[in-house]
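All chains are identified by letter, namely A, B, C and D, in their written order; residue positions are counted from 1 within each chain.
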Amino acid sequence: MLDRKVKIKSIRDLGSRNYLLTLNAPEQARLIRPGQFVMLKCIENVREDPLLRRPFTIFDVPKSARSGKPVGLDLLIKEVGMGTRKLIQLRPGQALFCLGPQGHGFQVSSEMRNRVEIACLIAGGVGIAPLYLLAQSLLAQNVKPVLFYGGAAIADLVLRDYFERLGIDIIYSTEDGSFGERGVVTQPLAQFLKTHPRRDIRVYACGPWGMMKAVHALSAQNNLQCEVSLEARMGCSLGACLGCVVRCKDHEGEEQYLRVCQDGPVMNSRLIDWETAPL
Amino acid sequence: MLDRKVKIKSIRDLGSRNYLLTLNAPEQARLIRPGQFVMLKCIENVREDPLLRRPFTIFDVPKSARSGKPVGLDLLIKEVGMGTRKLIQLRPGQALFCLGPQGHGFQVSSEMRNRVEIACLIAGGVGIAPLYLLAQSLLAQNVKPVLFYGGAAIADLVLRDYFERLGIDIIYSTEDGSFGERGVVTQPLAQFLKTHPRRDIRVYACGPWGMMKAVHALSAQNNLQCEVSLEARMGCSLGACLGCVVRCKDHEGEEQYLRVCQDGPVMNSRLIDWETAPL
Amino acid sequence: MKNSTNKEIAKGPNLAVDIAGVRFKNPILTASGTFGYGLEFANLMDLNSIGGIVVKGLSMTPIKGNPPPRVYETASGMLNAIGWQNIGATEFVTKKLPGLRNYEAKIVVNIVGFELNDYLEVARFLNDCPGIAALELNISCPNVKKGGYHFNKDPRDAFTVTAETKKASRHLPLWVKLSPNVTDIREFARACQDAGADALSVINTLVGMAIDVKKRRPRLRFLTGGLSGPAIKPVALRMVWEACQAVRIPVIGVGGIASTEDALEFLIAGARAVQIGTANFYQPDVSQRVALGLQEYCRLNHIDDVNEIIGSLQPYE
Amino acid sequence: MKNSTNKEIAKGPNLAVDIAGVRFKNPILTASGTFGYGLEFANLMDLNSIGGIVVKGLSMTPIKGNPPPRVYETASGMLNAIGWQNIGATEFVTKKLPGLRNYEAKIVVNIVGFELNDYLEVARFLNDCPGIAALELNISCPNVKKGGYHFNKDPRDAFTVTAETKKASRHLPLWVKLSPNVTDIREFARACQDAGADALSVINTLVGMAIDVKKRRPRLRFLTGGLSGPAIKPVALRMVWEACQAVRIPVIGVGGIASTEDALEFLIAGARAVQIGTANFYQPDVSQRVALGLQEYCRLNHIDDVNEIIGSLQPYE
């Protein structure tokens, strides 16, 4: 984990308040594992509002065309409030503070080879962010990712080309039916799990709490391991302030609060008390 | 008095942390009298720090080359803190909120014709700001301005060309002797008043409190009327908050607090209790 | 949230609120000391657009106030130590009130005093002046050395000054403006209610201080000052909520309000109306904007009556 | 400000301060709850650069804390309602303290409790653990429903808990951390001094609240939270100044400090040292920067000893 003043390389407007922010951050780019995030000070001056840094998942790690070495960070930013608004208003060349990589990412290891056949990746809107690096690392372990990518409308399904270029199966869905299946993203997932009643599937989800809760329920019904990437308001991202917790249950069913910034953001869905949303 | 969202036309770096800021503000430009000021929100977003607007004197009113009508405001800005720093970091085309013109300016009227021969204008550094419009309006009344312009070093004596183009007498002084006479600006003034023992002189001063206090004392010794342009921290500039007061004495010598924003910023120096600096 | 018929939408939502029998056309007021005597803002906004104006604290005879510097800006806020400078009640009534009567905004007069008798005198005088809707008893100003503030150190003193001033205020409803510089605002809220207060204004400024490290001198000559602005909003909102839990009389929310969303927070917490203070300084038409914003909010959310919002805070599931 | 000889300049100004017999290499500390158990920041700054670390409030056995959401950002500040979640004193001593002992920064342990006995138990236990420089008694946390906070509602309770804990703390100096949510902090300062406190930490957080107007729900599940950050600096500075006037024991300034200039304001007001809290979250090496900045300031202004600055506030002419 490093704290660096980094420069903005580019900000691409993806529509529907989504932006692809590229940072020049070679030192940090080398350390990234899928599911990790960075904390950005959303403004050049560290003394100004918003005071607290904001967490953003690393979508991709661009590499140098010449050396092939990681040189930057691609972040998918959805503008929702003051922090994200200020962030996307910055210009290429401007600097900001970037702390990371932070957090516990997805559990992808060589043990999965031959034991896990299929990985269901479920994304709700900007929840797509951690799934690109995940899909790549799954492919590297010979696991076949199937992406369920849902949103309110077609405009919310950003960066589809990245996944399509990976050549993986993708099932799109939109609530208004403007693209893919009409309805929520968990419908095609349920359908898929019904038609693929097998144990060598892993489930990975990122999106709104309600969506992840439904994905957890489906996974549990089908006895599948499921990892989710959680959201919480953060103070420090260092495990120090205890501001970012999610209510969990330990082995004895005793409640305990785990820190999304250090114990997460990716957690096994069985740990979580799904009745208590952290936001 | 108007509150308008106006655009920045240009920001010129004059060196030594001085800037000439030109605003497109035709409506307000038409209303200006010498010695008046505007209140600027030092940042585009009205909700952000610094919250309070900052007062700046109108240095000049640029006119349309075609119609000859006032189209803008020239402000001389010295960067001293957060507000002025943010202001000079804005770019042409960006907008800010401009309230004004505000305040009670210099008393220049046709009554002065033939009755007042000479006007001594004393500026300390950025205190030069109100004196350009004043000099012009004095010339229009056939009064001969003599400018005493002092600063710490030559770099502080900005915008000299404006005054030199008016063809008026100017006595420069710097504390480090880098330009004009060495010493404080009140020395050449005292010298001048000694060699010109006449009653048809008016004195006008703007600069640090100590300088204006000394100018007041010299004027009083020589029985001359003196107007000074005061500084105070302001809340509203509307006369509403009573935050900007200066301690004065009324006719009976009773102390009272007058508002720099409305009763000033230009006041007769005899009104003021020079023992109590408002800043 | 009732569903409104098309007819109701056509005439627009009801924004009027009642405070102690006085109808304010909407719950947006300006706070004492931040809006002068009202007329200073007449060129910059429409004084008919807001529910009311609370004018600068008045005493019977003029008060000179504290020596400068009197104001200093801090992070998302400002300190002030004006010290009750005002033109006196007589001059207010003869010079300012006639002009104010031309507007729909209701006029509330904030009253100050060094001693109990000062309050009673000005309260009696103002009760005879037509065009005033209510009195706001300021027992909470931190910027005077004696009197005033001290009534807000002990609930018994708050009770006494409220009860006496209520007696002196023959027709006008009496609001009491409370200080946040206390251990438990509920005690003061209850004491004032018990003493006959018709409404509470919550809060006045927090006592703060700033130092010029170059000169090693206080930024305010009075040493300390009242902190106001967005910085204090969380404290004000909490105290409004506490006061609303403690009393039945209307509570008026004040402290850091600068937007429609801010105003809504206070209404949801239980405030019958809100006052906008410091924000007037940097955005002179902010109160009009918030009043309009509130109307828009009701329209968009199909709320027929702003009173439905008041106190509508939902518990967590 | 004495003129320093060249020799003195060469060795640099003295930044060390003494608090109840403990020497801190400089007056810059980190505040409890904002710096974890210290080691979380070891990769991001030099823990040898600061005078001390006040670790997260500890109880004898672990505490789970409040349900989320626990934090919310406000204008120049933040609200928190962590609710004393901590790993317990035993685990701290076995797992964290050994690592902390490698650094020059002095370790101060903030202690929490629901009841008097909780404080005594943890104080007794920690007195036997080498590597701890002082205890900080937290009687002022607003984020727990029972205990703790209530000791800071009445000076007599503050006296009792301080006196008893002082007895339980056989070797370690006892600092008491005071709440700003009181009518008169001087009463509490004096009560703690009289009860034997060795120093005071001023202030803990102000109680605040925020509401999500879309959901009409509190932003924090605990409803209220503690307000910290630059927003509260003016209030903290005023209370530090008041406490310094009221007592002879050292006062440690806390609240909104984020820069060298901020730290200087508190030292000039009379604080013997300062603690940096919320600023650690957005600038993890801020305490090191401020410690360096203070050294620079002394150099530039020819101040041989930082103690010359402490309490050097000048009156107005």
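Heads up, the rule we're going with is that a residue touches a chain if its C-beta (ideal position, glycine included) is under 8 Å from a C-beta of that chain, and two chains touch if they have at least 3 such contacts.
Note that the structure is a prediction, hence the values are computed from the model and not measured.
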Using the touch definition from the top, what's the fewest steps needed to get from chain A to chain B?
1
Let me spell it out: compute each chain's centre from its C-alpha atoms, then which one is farthest from chain D's centre?
B
If you average the CA atoms of chain C and of chain D, how far apart do the two points sit, in angstrom?
35
How many angstrom between the C-alpha centroids of chain C and chain A?
46
Among all residues of chain D, those touching at least two other chains are 75-77, 229-230
Chain B: which residues touch two or more other chains?
49
Going by the touch rule set out above, what shape does the chain contact graph take here: line, ring, star, complete or other?
ring
Taking all chains into account, which pairs touch?
A-B, A-D, B-C, C-D
In the complex, go through chain D and note every residue touching chain C.
74-77, 79, 153, 181-184, 206-211, 213, 215-218, 221, 224-225, 227, 229-235, 237-238, 241, 256, 261, 264-265, 268-269, 312-316
In their shared complex, chain C is touched by residues of chain B numbered 1-3, 41, 46-47, 49-53, 97, 99, 232-236, 238-247, 255-257, 276, 278-279
So in the complex, which bits of chain B are touching chain A?
48-49
Within their complex, state which residues of chain D touch chain A.
33-37, 40-41, 43-44, 56, 64-65, 67-73, 75-78, 80, 82, 85, 229-230, 258-259, 278, 280-285
